[in-house]
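Chain IDs A, B, C and D follow the sequence of writing; residue 1 opens each chain.
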Amino acid sequence: MNSNVYLPEPAKIIRIKEEVQGQRAIKSFRTQFLNGNRFSYQCGQCAMLSVFGKGESMISISSAPNVEDYLQFSILKTGRVTTALHEMEEGDVIGIRGPFGNGFPLQEWKGRNLTFIGGGIGLAPLWGLLHTAVKNKEEYGDLTLLYGARTSKDLVFRDELYELKKDIPVHLSVDTEEEGWDEFVGFVPQNVKEKVTWPQNSIAITCGPPIMIKFTILALKELGFEDDRIYTTVENKMKCGIGKCGRCNIGSHYVCKNGPVYSWAELKDLPQEY
Amino acid sequence: MVKLEDIKKEAKKVLEEGKVKYLIGYKRSTNGLLAAPVFISDPKEVDQLIWEATCVQNLSRFLVDEKRKKAREKDPDNRPVAVIAKGCDTRAIMVLLQEKYIEREDVYIIGVSCENAGVIDERKLNRKFKEKKPEKVLFEQDNFSIATKHGKIQVPQEEILAERCIECKANFPVIYDVLVGEKITRKCDNYFQSLETVESLSPDARWDYWKEQFDRCIRCYACRSVCPMCYCDECVVDSINLAVTVDTTAEEKAQKIRWIEKYPDVSENLFYHLIRALHLAGRCIDCGECERVCPVNIPIRHLNKKMEKEAQDRFDYEAGLDADKPSLVSSFRDDDPQDFIM
Amino acid sequence: MEKIITKQSVPEWIKKLEDYTIYAPIKNEDSWSFEVVEPRQPEVIDLNYLNSSPSPKKVVFPPKEVFFEFTGSIYDRMELKETLPEGRPQVILGIRPCDAAAISRMDEFFSEDVKDPYYLTRRENTILVGLVCNTPPSPNCFCTSVGGSPHGKTGLDILMTDLGDDLYYVESLTQKGVQIMDVPDKPFRQAKSEERSKMRKIHTDSVKNITREIKDMDTIGTRLDNVFNSSLWEEESMGCLRCGICTYLCPSCHCFDVNDEISSTSPLEGKRVRTWDNCQFPDFTMHSSGHNPRPERASRLRQRIFHKIRYSQQNFNNYLCTGCGRCVSNCPVGINMIEILNKI
Amino acid sequence: MTMTATREEAFEPRIVAFLCKWCSSAGSDLAGVSRMQYPPNIVPITVMCSGSVSPLFVLSAFNKGADGVLVSGCHPGDCHYIKGNYYARRRILLLKELMEFVGIEPQRFKMSWVSAAEGAKFTGIIGEFVEELKPLGPQTRFKRSLAAQEA
């Protein structure tokens, strides 16, 4: 990447997939750098996406690091930049800087059972991690995914999820009853209590709306998970990505730099300013 | 003659009776000469209150905070808030009532008359005193009595009186629940005297003058923040809308117009200050706080004063005297001036 | 190098530094600010000043910094032109030791880990000429509580001491300092030993003249941690107007915002601009969803004080406050960091 | 610009005109269909009523480099919404006074009443406006500086 950390690298959107429609629309964007550059990163890291003229937004990279052809970002339409991204088409040009943040300590988890727990768009930061673990299945214990959304229409990566079921157990859930839904009905933390068993030698990785994360952690604690076996990612408003602009801090930590991945053991001692 | 004891007595009484949630008054500051706002709910604490010519703040500003806070609370205490208010401050309350931002029963006004005096301009005082550190400034008949380490010094009023007090139209409360002091009007020959220097300049010279002023602005927005009339949740100069809820759509947020850039530049600063002055036309009651708080000494008050003058001269309108009147820009008369229209 | 210059010779010295942009305190009615001195008019410099109202940080960290310009079209290609500041050398003349120390804190911050090329380019080209505070420029000065001194040398290239009698004692502290003292027709002369002892006496006395103090700074970190969840912040912030005076005037506050400014839509032309930002504004941390991690004035006041004292201690083993007292003197409602820290 | 041309000859001011849909905008159309000539210096923006012209629009036009701004609405008594132009009259007066107080050239900001039948009046106003603006040169006072950052 450029030696000037504030200078984005122009990239082309090569594929757009509509994941969720409506008011809380989600699209997945695959991008390639115009100059053919590659960009090495770890699972859980983020990148700053520029829509020139609109601004920047910090987005987690949802493709796995071993994917060489593209970077994927799954983005919920929520503000100025993300709305502009949603209006873009394949072939359009954006800017990318990064990667930023610490990433998941996947190497340290070898030999352990990994339970991935996602809610809504919160599956995106886990997606690359999940795929990396699945690809190297033999290095880990049992891999499990629990994922839920408000309704079945709000689930992201729907086709891929059913594909994934061939490899690992996938427990889906929706918040309320709906016709034709034969999996769990209820909130993700409830599903966690139901499906996750004795946590010995297990790591739980959760991401989703703050309220979901909060109750999922409570559920995991109840199941006997120790604080340093629970991982989550934090998001805050960001402008620089390198711990300089000063707004994403929780205590003395900058989420963009020291985060976004935290074990509950670290996070519980930091101020609740996220 | 306003006696501090009388203010304390009224404050204590209203707090003891439990009629009000808390009281907003003035206390001695630890930062410097000027008083600081104090929020008292325990009647025993009324002894902190002071009443001097350093009580510059317009405490009605905190009624806006109170309203915002109440809106967030699930089970709010609906008792009124007591506020110690000078003449200009009560006119601000009048505008808040006129615009139905607050209701009369939301506030208990302990009106205090400035009685032919007013508050000081700290800059004038510092210019005059330089090394002799003033410690206290009290009103005394036609003079200010200033306590310093070197003893008391008498200074004629007009030498250190704030410009806005010299040009004050009502230095006694226009609305109150209790009144401390007497209704005495200060004499003033020309309420808009301070504008004359700038008005008499040619357009080019006026521009040179204001350009220099706006060039200094660092856009800390203290003028907006201190203003009781700048209560909008969404300000046109902010880049995002603060009134976002879970129901605000992404498009609404994306379409928020950015009228000006965030950095301080003459053009952007000018835009901000002019829009603010226009939004205050017919609403500004000349408490002068915007100018007082400005860390780079921009004569912001003159912009508002200009609007006040036009409102009075052209439309016979004065702000903050009547809560039942329609506002300046939401009303008109058939014979409003139109000689400027082609 | 330790020299003497007469006050009358200072303009002469400045005139000779024509390759430099000179920033110096200039009086504007009731206050001072650091402004560019026209090369031919060094007489406007007022070194007999207290301290500037806005801090001189703008010289190295301007309120507006263009990162790059972009041209093109989002449908096709986008060209970026990096706009690093020009390397013209600049001098801040007469900076107070607290403000110089603040710049040195920013140096550390902007060069730590990932480097900030804009700040560092400006900074590398900046020479700081400090002026000792014989008496505190503000009744709210408290530099000695936060590791500074009215004659502190941190960050400075030259330190000047007003000896009275129309003389400055000028001490170069770095090679950069030596460089700008080395001008033709030297306006300087060697310092005599009695002038040196006079300078020392002034330095010793200057420390004694600081009356404001934050007590027990050695335990401030843990004491702050203990009151993180206290109602103190709510009480102290009751009057807070959520304006930007405290942070914008602060010599070491360096948080910023980044926005795109468009000058043409077709072709798309514009620039990405960094501006100052402020932790006291509610939109500073507000997420796009409307969720705000620091929604109340209390949490924002706490953030400012923690950032200045506690977080900087944890991250840099230093304070991000150098005791200039601007936030105390200029707060419109009398919020006083010194008093708050003395309460806990 | 040739070397011999004076600045006044070469300078073509740009005027942003906020025209009420019900009258002035129709008036300008009438001027057009009647083949009346008026200088091509205006950027017309049709608004629903002169009363809907916020001071923000005017300041924004100047901020983005307009050399002159015109707000044109219906004659008193003729407002499609009964009172909109009366509100405009007050607001625009305040805005004009304020802008002049900070030193904008008074010639740069105008208001007019032009009915749908007054194509000729519209033509005249624009012509006169352009002539008044030419000697002033480009408007720089309220304009956002696009110059590269200052040192």
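Before moving on, here are some points about what is shown:
The rule we apply is simple: contacts are C-beta pairs under 8 Å (C-beta built on N, C-alpha and C of every residue); 3 or more make two chains touch, one makes a residue touch a chain.
These numbers were taken from a predicted model, which means no experiment stands behind them.
Comparing the centres of all chains, each the average of its CA atoms, the largest separation from subunit B belongs to A.
The chain pair A-B and the chain pair A-C differ in C-beta contact count, and the higher one is A-C. Between subunit A and subunit B the centroid-to-centroid distance comes to 49 Å (mean Cα coordinates, whole Å). We define each chain's centre as the mean of its Cα atoms; on that basis subunit A and subunit D are separated by 52 Å.
Averaged C-alpha coordinates give centres for subunit C and subunit D that are 45 Å from one another.
In whole angstrom, the spacing between the mean C-alpha positions of subunit A and subunit C is 39.
Counting partners per residue, subunit B has 253, 261, 265 as the residues that reach two or more other chains. Across the assembly, subunit C contributes 64, 257, 259, 277, 286, 288-289 as residues in contact with two or more other chains. Within subunit A, the positions touching two or more other chains are listed as 78-80, 82. In the complex of the two chains, the subunit C residues touching subunit A come out as 67-68, 70, 72-78, 80, 82, 84, 109-110, 113-118, 228, 254-260, 262, 265, 268, 270, 272, 274, 277, 279, 284-289, 291, 293-294, 299, 303, 306-307, 310-311, 314-315. The part of subunit D that touches subunit B in the complex is made up of residues 55-56, 59-60, 63, 76, 83, 86-87, 89-91, 93-106, 110-113, 125, 141-145. Contact residues on subunit B toward subunit A in their complex (touch as defined above): 249-251, 253-254, 256. Across the complex, subunit B meets subunit D through its residues 198-199, 203-211, 236, 259-261, 265-268, 270-271, 274-275, 277-278, 281, 303, 306-307, 310-311, 314-315, 328-330, 332, 334, 336-338, 340-342.
Residues 3-8, 10, 34, 50-56, 78-80, 82, 88-89, 91-95, 210, 235-237, 239-240, 242-252, 257, 271, 273-274 of subunit A are the ones touching subunit C in the complex.
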